[in-house]
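Structures given as structure tokens follow.
You will see chain A twice below: alongside chain B first, and alongside chain C after that.
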Partner chain A sequence: MMTLFFLTGILVLTYAMLVCHRIPALIQNFRLQSLFLFLVTLDFAVRHREAKVFVVAGLLLLVKVILIPSFLSRLVKKIKVDERLGLFLNPLLSLISALFLTWGASVFCSWFLYTRQTAVFAAFVVSITVVLVGFFIMVFRMKALSQIVGLLVMENGIFLLASVMAGGMPFFVEIAIAFDVFVCAIITGIFMYRINKVFTHIEVHRLTDLKG
Partner chain B sequence: MLLFLIVIIPVLGAVLSVLLPVRVRGIANLAAHGGVFVLAAVLAYHFSVGNGVLVFGGVLRADALSAFFVFLISLVNLAALVYSRPYLREDVFAGVLSEKQVRGYDILFNVFAATMLVVPLLDSLGHMWVAVELTTLASAFLVGFYNSKSSVEAAWKYVIICSVGITLALLGTVLVYHAVAAQTGLKTLDWSVIIVQAPGLDPRVIGAAFLFILVGYGTKAGLAPMHTWLPDAHSQALTPVSALLSGVLLKTSLYAIIRFAMITQKAMGADFTSRLFIFFGLFSVAVAGIFLLAQKDFKRLLAYSSIEHVGIIVFALGVGTPLAVFGALFHALNHAMSKSLIFFAAGNAVKRYKTHHLHMIHGLVRAMPFTAGAALVGLLSLVGMPPFGIFMSKLLILTACFQKGLYGPAALLLFFLAVVFGGLMFHLGPSIFGKKPKGVVSGGEAFSMKLVFVVLALFLVFLGVVMPTPLRALLEAASRTITGVGI
Partner chain C sequence: MQYSWLLFQALVAVFCAPLLSGFIRKVKNALRMRRGAPLGQPYRNIVKYLAKEEIVSETTSWIFRAAPFVVLGSTIAALMFVPVFSFSFSAAGMGDVLTVFFLFALGRFFLALAGLDAGSAFGGMGSSREMFISSFVEPVAIVTVAVVAAHGWSAESGEMSRHIGTSFSRMVAAAALFMVVLAETSRIPVDNQETHLELTMIHEAMLLEYSGRSLAMLEAAASTKQLIWFSLLGGVLWPWPFGGAMTLTDGIAAMALFGLKMIVGALVVGLTEIGLAKMRLFRVVDFLGLAFLFSVLALVILSLGY
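Take a look at the complex of A and B:
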């Protein structure tokens, strides 16, 4: 029951990302989503009393709830760009698209999954939805920052899948992935800083020097 | 221990690059990568005389297939390192780069090398995923090294597109994990364990997982239509790095795809992977051919040619007979060397003519004879002329294709290859032999560059004429590892 509650929370927060107009809102939303992801993992750890999963949950809290969002917020303040995200698709249309993405995810999951457990099926659908919405944010928002957040959201979706199914992947893999996500956020952040420096904006659709 | 040394030496190289002054640093790096190459050759030799598996500490694992890829990576690494010395010196001399940036290059080069070398040596598919993603992150700064508008743009597209691809590959990895856990109760991602359990895994989940894997790692491998980052990154990166990206980075992702394909084939038969491979392979060759015809930029031209060759390798994997797989691996080796050679030549030309534009780079043979020679050998090799190695590997692949009765795909492949042949010859012929523009000075090629050119060219001819017994044995062993049958 608890799991379903968390899943719903994550789904709602994922949809909420699509109505964000401003960069700080998107980052805070991501922070909240990561917090729910942390809760899912913690829930699993408490129920199964697995020390390693506690560590993974702690790592999740540190990296995705605290470090990455703070780093991104600080970076955005530092480069002083226009805080509007720049929507190619307005919030309502984005939401409707997200509903269709969820429907697509459930069709896809029922195609290859023969489970009777509602929780597992729901976890699959929510995870795939989160991945798809992350991708949607990357494509339909103008700023470089939204691509970073979109990528992190996609990764959150996959983390969720692994957590709900089996309390996460093998311990050392989980640690390595957390490290990797952190490094990825830092490096993309640095590149966003450089883009702003060379182009004096961070709008990805205006990066069109290279073609063909 | 051998496996551990291969991974740790470049890491030490990175640390030393932080500490040592310029002169000593060059020698230390050369010694490090020379050492890695020797160790990789020892590893390769080990698997060519007898089969089996080497493990280290429960994390590293090598069989013939890993040994082949490690050998390939260390070879191109060494060539790129030797070439990059004079290349960067010229930039420092011209004031384009500072000494500090060169130090940064040395550090990143070593980190990049370490991440690539570790990919084929990891047993856990999760660790392998992390290593592949780290190759992207380590090389991102090398792509955006000059910090100009176009290089920053290229680096951004490179990091973002490849990371999305890799994220999809992670989804595929998690699905495989789920399938294994659901079927056997084992919570593991170790390839050596999964491959034993593979026949009992749920074919639908594995099929879905493989789709994600193919699209995900395929993005990084440069398969069309996920290839869009590749021409940008290859053309904007520092030239030695372009050679590394094209020669071996793409192949590390292919390696990951091969490992998953082996699991998938055991779980659901060979047809599924085979069809996908043949489709993506042909499509990549076709897309590359079309874009090649319309290219104006020297290094982009070569980038599209890389897409073509990755297409050929994947096509051959799709044909799937032991001979075809043997040809695919041999082709990977030949392509890595030809592409490094011609990228090095292109780098020299671009620097001398101060432009990427093909119609302005003419008469290379008068301006830089050695470079022109290298470009010519590289060009003839890439389009598949005898007596170079690629001719032999293409012949093997097509033979295997006909043996299996795949006449249609073979005909299509030949047609697209003809288009590529025309495109490359049309563009590069005048660049090499045309009339040299006034104001471009002649001569002045560094000795170590000439050395790299001559060694690589001789290697290519050598591989086209004779197949050394140890290499043949290694490739056979690797092909047997993939297909389970001897040639």
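Take a look at the complex of A and C:
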């Protein structure tokens, strides 16, 4: 019951990301999504009484709920770029596409899922949806910062998928990935800062313009 | 026995409804580090309005006078079809949960007309906005109920509540219904109950011309409607069945559980309201579009059998 509730929370927040018009809203949304992911992991850890999963959950809380979103929002303030995301596809059309993505994911899951447990099905569908929506955000939003957020969202989805399918990845892999993601966010953030300095904007579709 | 229980439920619900409003206000104020009005403030308001003189504009027709009675009457009638804290029956087979939406639409129709009746700019603005929003809200509510009804192939509230257990589609439907509840009880992303700022008013704008007894009736109707929406949401998320013959202990347990549900609901709504900003009117389309998408998603998941 609780797992299902948290998973639905993740689903709601994932869809809500497509309605966002501004970069800070997208970042806050990502923070909340990670918080719900943390709650799912914590729930798993409490039910299975595994110390390692507690550590992973704590790491998730530290890196994805606190560090990365605050770093990104600081970056947004620092580069003083226009806050609007620049939508290639308006919110309602994005939502309808996301509905088709989720539909595809659930049909796909019902083909091969070995169990009819609701929680397993839900987690599977939600994680695939999160991955696809992250990809969607990367493709259909103009600002380069949304590419970072999209990548992080995809990573959240993969984390969820791994914990559903295999009961989490090996402990060291988990820790390595957490740091990897953090470093990736920082490096792309600095990269973004440099791009903004050179091009005076971070809009992806204009980055191919020649610069003397 | 059944009918007396039903009437008792309606009475308790009507009398407790302002308490829910007061509690939500209290939660919001606590989150903002303010003291706020006491818990019983909505009751005091109603008593105050009842004692005051009623002033009716000369230019209004009978609709302005009739609207409060229709609104309050239809809201209380809707209570008969909703599983508030007893589930095993609704008003003797007179209708199902969809009747509730019809009764709400009736009240809304009269309230919108009354808003236009006095001919003030605010009333008309409020009415048009209310109709605009309700045209988005109603499909979501109906699809959501359809999803829940499909669990037992009946939209009758007693039959619906016999098919308990959490399923994924029901959870997703509850998420959609939650957004509908925010819109229908004039909560923050859509409307704001606390302000009479001209640009943001929707529900309050329609009530602007009312005073005295009529205003008291409309306030009571608004809080009762809020209680109905909350209990619908509670019924979808956390259904609790009680058999046909209610014993006294069953009844007390059911009421305690209902109170618990309302407290949880008020906390969640208060937190959501604090966390969100009021949306521009045309952004509300995105918000309610999200709700509609979620209700359709619930239908999709249901079709796969989860």
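Rule of thumb we're sticking to: the second predicted complex is superposed on the first by the 204 of 212 C-alpha atoms of A that agree within 3 Å, B and C clash if a C-alpha of one lies under 4 Å from a C-alpha of the other, contacts with A are read in each partner's own complex, and residues count from 1 in each chain.
What we mean here is this: a contact is a pair of C-beta atoms (placed from the backbone, for glycine too) under 8 Å apart; a residue touches a chain by one contact, two chains touch by 3 or more.
All of these numbers come straight from a predicted model, not from anything done at the bench.
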Checklist entry - Does the chain A-based superposition show chain B and chain C clashing or fitting? => result fit
Next on the checklist: According to the stated criteria, A:194 is in contact with first (chain B), second (chain C), both, or neither; which is it?
Outcome noted: first
Next on the checklist: A:207 in the overlay: touching chain B, chain C, both, or neither? Say first, second, both or neither.
Outcome noted: first
Next on the checklist: In the overlaid three-chain picture, which partner chain does A:111 touch, first (chain B) or second (chain C), both, or neither?
Outcome noted: first
Checklist entry - Taking the superposition as given, does A:103 touch the first partner, chain B, the second, chain C, both, or neither? => result second
Checklist entry - Which holds for A:66: it touches chain B only (first), chain C only (second), both, or neither? => result neither
Item to check | Contacts of A:172 with chain B and chain C, given as first, second, both or neither | outcome: first
Checklist entry - First (chain B), second (chain C), both or neither: which does A:19 touch? => result second
Checklist entry - With the two structures laid over each other on chain A, which partner does A:4 touch: chain B (first), chain C (second), both, or neither? => result second
Next on the checklist: Between chain C and chain B, which one touches more residues of chain A when both complexes sit on the common chain A?
Outcome noted: B
Checklist entry - Between chain B (first) and chain C (second), which, if any, makes contact with A:122: first, second, both or neither? => result second
Next on the checklist: Just to confirm the geometry: in the superposition, how small does the C-alpha gap between chain B and chain C get, in angstrom?
Outcome noted: 20
Checklist outcome for this item: Dual-contact residues of chain A (chain B, chain C) none
Next on the checklist: Under the definition above, what is the set of chain B residues touching chain A in their complex?
Outcome noted: 124, 126-127, 129-130, 133-134, 137, 140-141, 144, 147-150, 152-157, 159-160, 163-164, 167, 170-171, 174, 177-178, 181, 187-189, 202, 204-205, 207-208, 231-232, 235-236, 291, 294-296, 300
Checklist outcome for this item: Touching chain A in the complex, chain C uses residues 166-168, 171-172, 174-175, 283, 285-287, 289-290, 293-294, 296-297, 300-301, 304-306
Checklist outcome for this item: The chain A residues in contact with chain B across the complex are 108, 111-114, 131, 135, 138, 144, 147, 151, 154-155, 157-158, 161-162, 165-166, 169-170, 172-174, 176-177, 179-180, 183-184, 187-188, 191-192, 194-195, 198-199, 204, 207, 209-210, 212
Checklist entry - What does chain A use to touch chain C in their complex? => result 1, 4-5, 7-8, 11-12, 15-16, 19, 21, 91-92, 95-96, 98-99, 102-103, 106-107, 110, 116, 118, 121-122, 125
